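Below is a structure I'd like to ask you about.
Per-chain residue numbering starts at 1, and chain names A, B, C, D, E and F are given in the order in which the chains are listed.
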Amino acid sequence: PLQDFCVADNSSHVFVNGFVCKDPKEVTAEDFFLAAKLDMPRDTKMSKVGSIVTLLNVMRIPGLNTLGISLARIDYAPLGENPPHTHPRASEILTVLEGTLYVGFVTSNPDNKLFWKVLNKGDVFVFPQGLIHFQFNPNPYKPAVAIAGLSSQNPGAITIANAVFGSKPPISDDVLAKAFQVEKKTVDWLQAQFWAR
Amino acid sequence: PLQDFCVADNSSHVFVNGFVCKDPKEVTAEDFFLAAKLDMPRDTKMSKVGSIVTLLNVMRIPGLNTLGISLARIDYAPLGENPPHTHPRASEILTVLEGTLYVGFVTSNPDNKLFWKVLNKGDVFVFPQGLIHFQFNPNPYKPAVAIAGLSSQNPGAITIANAVFGSKPPISDDVLAKAFQVEKKTVDWLQAQFWAR
Amino acid sequence: PLQDFCVADNSSHVFVNGFVCKDPKEVTAEDFFLAAKLDMPRDTKMSKVGSIVTLLNVMRIPGLNTLGISLARIDYAPLGENPPHTHPRASEILTVLEGTLYVGFVTSNPDNKLFWKVLNKGDVFVFPQGLIHFQFNPNPYKPAVAIAGLSSQNPGAITIANAVFGSKPPISDDVLAKAFQVEKKTVDWLQAQFWAR
Amino acid sequence: PLQDFCVADNSSHVFVNGFVCKDPKEVTAEDFFLAAKLDMPRDTKMSKVGSIVTLLNVMRIPGLNTLGISLARIDYAPLGENPPHTHPRASEILTVLEGTLYVGFVTSNPDNKLFWKVLNKGDVFVFPQGLIHFQFNPNPYKPAVAIAGLSSQNPGAITIANAVFGSKPPISDDVLAKAFQVEKKTVDWLQAQFWAR
Amino acid sequence: PLQDFCVADNSSHVFVNGFVCKDPKEVTAEDFFLAAKLDMPRDTKMSKVGSIVTLLNVMRIPGLNTLGISLARIDYAPLGENPPHTHPRASEILTVLEGTLYVGFVTSNPDNKLFWKVLNKGDVFVFPQGLIHFQFNPNPYKPAVAIAGLSSQNPGAITIANAVFGSKPPISDDVLAKAFQVEKKTVDWLQAQFWAR
Amino acid sequence: PLQDFCVADNSSHVFVNGFVCKDPKEVTAEDFFLAAKLDMPRDTKMSKVGSIVTLLNVMRIPGLNTLGISLARIDYAPLGENPPHTHPRASEILTVLEGTLYVGFVTSNPDNKLFWKVLNKGDVFVFPQGLIHFQFNPNPYKPAVAIAGLSSQNPGAITIANAVFGSKPPISDDVLAKAFQVEKKTVDWLQAQFWAR
């Protein structure tokens, strides 16, 4: 930040790294506020992977612009998961509000070491910036809930399966077949799954 | 970060900006984990201002080193408050888990404008880096609870009243009497309150 | 900086983190210059605390935009002071041109340790970013003068007493009474002092 | 950088963010040099995906420490590829020295848009930081060669297939089956492929 | 970067630190691409110093905006050189594609130590940010070629002789005569050489 | 900064980017203080160019470590100058305490535009990071004095003439003759001047 605040002006037609700001004279407390209902469970039924991420980033709360922080609530169905993904612009610290989570992250080449843990209510875990990580609710009967802080107002998220097999247009199946050491028809089948999403 | 992670080695006798790291070969998932019991209410009775901050920073979770993020739970007694303070190295995003909070921050000179809001359960508010801010539970009967993300692994906190009137050694009462436009005996009385802390 | 310079265009209606720049083709040496009369004593009589800060930041010298530096002259009346304040976005290095100054800064919680020193003409002292600090002229007969460099083109300044007791609108006296461990009528009296400013 | 250079001392037992430096008095031109033979083709036969990356980062050239830059040569067999991967700490700019490359990157959620291009000798393409990207040599007869600059002395690389299916220990197949919408036995088969690596 | 990409909009009349971005919806793969012909020798005959730098920075490839990287090809005539210069905003890593180069950089005051090396084809050398450096082709018969990565999308280049003796308007010859310990007429002669350029 | 302060431990044998810190428990106000006598004229007679720079950086005041600021006093003899130089790691803001100064900076290639101004007592001028700049006292009878803030605790300074003609070992006269478009014997003569320094 180069001033007290720079509230994002989502109506502007000028695009910059981050967002241009509203005229500071027109900024109000509402710009730093959201009635986000973060206390309310969200319905995970529509999710193929059994989870819903409610991310409060600068697109949701314009006052976050330039401040380097965002907050998320994640609801997990029984056996639901937040599948392997990366945040290209943020580290994450997560605490479990309800239920149990099997969580982990994988380091970069060449080790690709998995650091994992089973978290219970009240436990906390950290996911370093840019590394592939996931959370999975191993309980077949009970949902789980977590709250996470992220070190960017716009962390971004790249869900690995969707980005690799569901990109628009699709990545050539020659590339993916060789990358995953599978046949092209397997790739084509996977792409069909994720393209539908 | 200049590598996947740099877990703080709290036993080292070498001090740097941040912390030196453990040998990466000895890092385990425990370094990124804390059984923090963030789901458990904490007793606010011992606090003169009626609040307890449980801050999970790099001193508590060594894996946070270099990652630019931390997480806090704040418990508020009925009529309790997290008194006016600044974080010299972080912005903050807070959500109310239980109860009601009157919150606000004040901009820098010359305007010293107060942005304030009453938050209910599930609401979210943002406090920009370095600005004086507070949270107060206006309910005389019920406690409140909040969770906050902060944009540093070591945000620091400067509680204004304590830093100004309770520093060790005390700031000269000449300085404080003129600054607060009060008599020196008032300053002396205030310093006695906070020195005892 | 991402180019040789980005001179602030104070006439622009586009707000960004920092300032948008003038067309580089229209930039002249005047944009990097100010006939600031930093050699001239300023009258401290109008100041309740007996000091005047002449801060040359990006609002005064547009060429400072993106350059991370500013300069200030501070004039102190006999027994005058630059009262406890923070710079949310800068560290400071100060040298005494005339007179004597009792200076100090206070570290963050939980220690709130005061580092202080009496400076004479030609001495230098450093105030780390975001920490509460002050300068006081203990001499009842002679003024003092200092020059300071600050590590931002827009350091910001939060004068503690003004921000806490003089915000617009005022912070609830419930909050301040509990924070400073005083009665609400004391807070109300203090707020009346600073509101008048 | 906070000094002219800070040459990595790879023999040190002190770990920091980045690397500790050699005593500047013992630094020589050799610390900034490598007889890297970047002009020489490398044998891609041992690579399952038909490519070899020769990355000159701070582990190879200690003088790169703190300088925010590295350089890579990539050799591609006919039909070889540098499979989908991310650099958690760098953007990349690549030029083709020999042959033809089909290249692309995928944006983050929710769009997962593929930006792709076929590059010929002398062409240049850019891969933004943290995004999944790849290069593939579509020519069944001729090898290809590229040179790339990366915006970090230690960019890191996460090869998606290896990190997801070849982590040590493996990620639970429950997690991966749901993430990729495939049966667990398919996951188990994939993990067997990459575990063998 | 605060989003996946921020492609420079070179047609905008709004100037910022870096460049404003194109509407992300209008970005295409072409924005990250250049048919730069980096494989083609360039004619060095028009250069007084016998070298041509082909720098692919954000002005040439708009997709480089905010990404912190650029790439250059340098062609050297026999006995040609890239004369002493600095990059105010980048470090550089260079590899020799053809020929031989005598290269070096000089540290800051007070040591002004020269680190130098003769590079052959395939060798790599590093030039730290902001330091004066050069490359010279000592071979009187053969040209040389190098490729370099630079740690900024807009590194800038200050060719020492041109900036000092060829500035527009010229620096006073009083200043330069004293700086270089030569007579004013020598300065005037030098300025005439570089002014003509 | 990642903590309130990180006072440089100049006695340490561990070298890092910047400096390792003293044990915070042993830090005192003396670490932030220097009896620098910045009010005292310094003798410029020993200087060939007629100026003395008294730079208070982290090597002089250990408390400046990580704080991004330093302060300098410059004394100029009549007709003395601070010759063309760059700060690879800082911008500068300068005010004239006594006398008159002709000052300027030159932009990077290809324009090499000189921005210049004659400053009188109390005037202020800004020099952007990394650009070549100078100050010259045009008065043949009176000395001049300036104070400057710099945006780094270790700005570095590269005096152009010394770095180019006085490096140790010297840069090949082939390189310099071609760079400055002069004969090799002129270069040799210049090198002899600066080597003696």
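We take it that a residue touches a chain if its C-beta (ideal position, glycine included) is under 8 Å from a C-beta of that chain, and two chains touch if they have at least 3 such contacts.
Quick caveat: nothing in here was measured; it's all calculated off a predicted structure.
Asks: Taking CA centroids for every chain, report which one is farthest away from chain B.
Replies: Between chain B and the rest, the longest centre separation is with E.
Asks: Among B-D, A-D or E-F, which pair gives essentially the same interface as A-C, with more than half of the residue-number contact pairs in common?
Replies: It is B-D that reproduces the contact pattern of A-C.
Asks: Report the inter-centroid distance (CA atoms only) between chain B and chain F in whole Å.
Replies: It comes to 40 Å between the two C-alpha centres.
Asks: Nearest whole angstrom, what separates the Cα centre of chain B from the Cα centre of chain E?
Replies: 47
Asks: Go ahead and note the Å separation of the Cα centroids belonging to chain C and chain F.
Replies: Chain centroid spacing, chain C to chain F, equals 26 Å.
Asks: At which residue positions does chain B touch at least two other chains?
Replies: Those would be 1, 4, 14, 16, 18, 88-89, 104, 108, 116, 129, 131, 156.
Asks: Determine which chains touch and list them pairwise.
Replies: According to the stated criterion, the contacting chain pairs are A-B, A-C, A-D, A-E, B-C, B-D, B-F, C-E, C-F, D-E, D-F, E-F.
Asks: Could you list, by residue number, the parts of chain C that touch chain E in their complex?
Replies: These residues of chain C touch chain E: 1-4, 6, 9, 12, 14, 16, 18, 20-24, 65-66.
Asks: Touching residues of chain E toward chain C in the complex: what are they?
Replies: Within the complex, chain E contacts chain C at residues 13-18, 88-89, 152-154, 156.
Asks: Please name which positions on chain D make contact with chain A in the complex.
Replies: Touch list, chain D to chain A: 48-50, 79, 81, 83-86, 88-89, 102, 104, 106, 108-109, 111-114, 116, 129-132, 134, 136, 138, 156-172, 174-176, 178-182, 190, 193-194.
Asks: For a test of understanding, state which residues of chain C touch chain F in their complex under the given definition.
Replies: 1, 4-5, 27-30, 32-40, 56, 61, 63-64, 67-71, 90-93, 95-97, 104-105, 107-108, 115-117, 119-129, 131, 147-151
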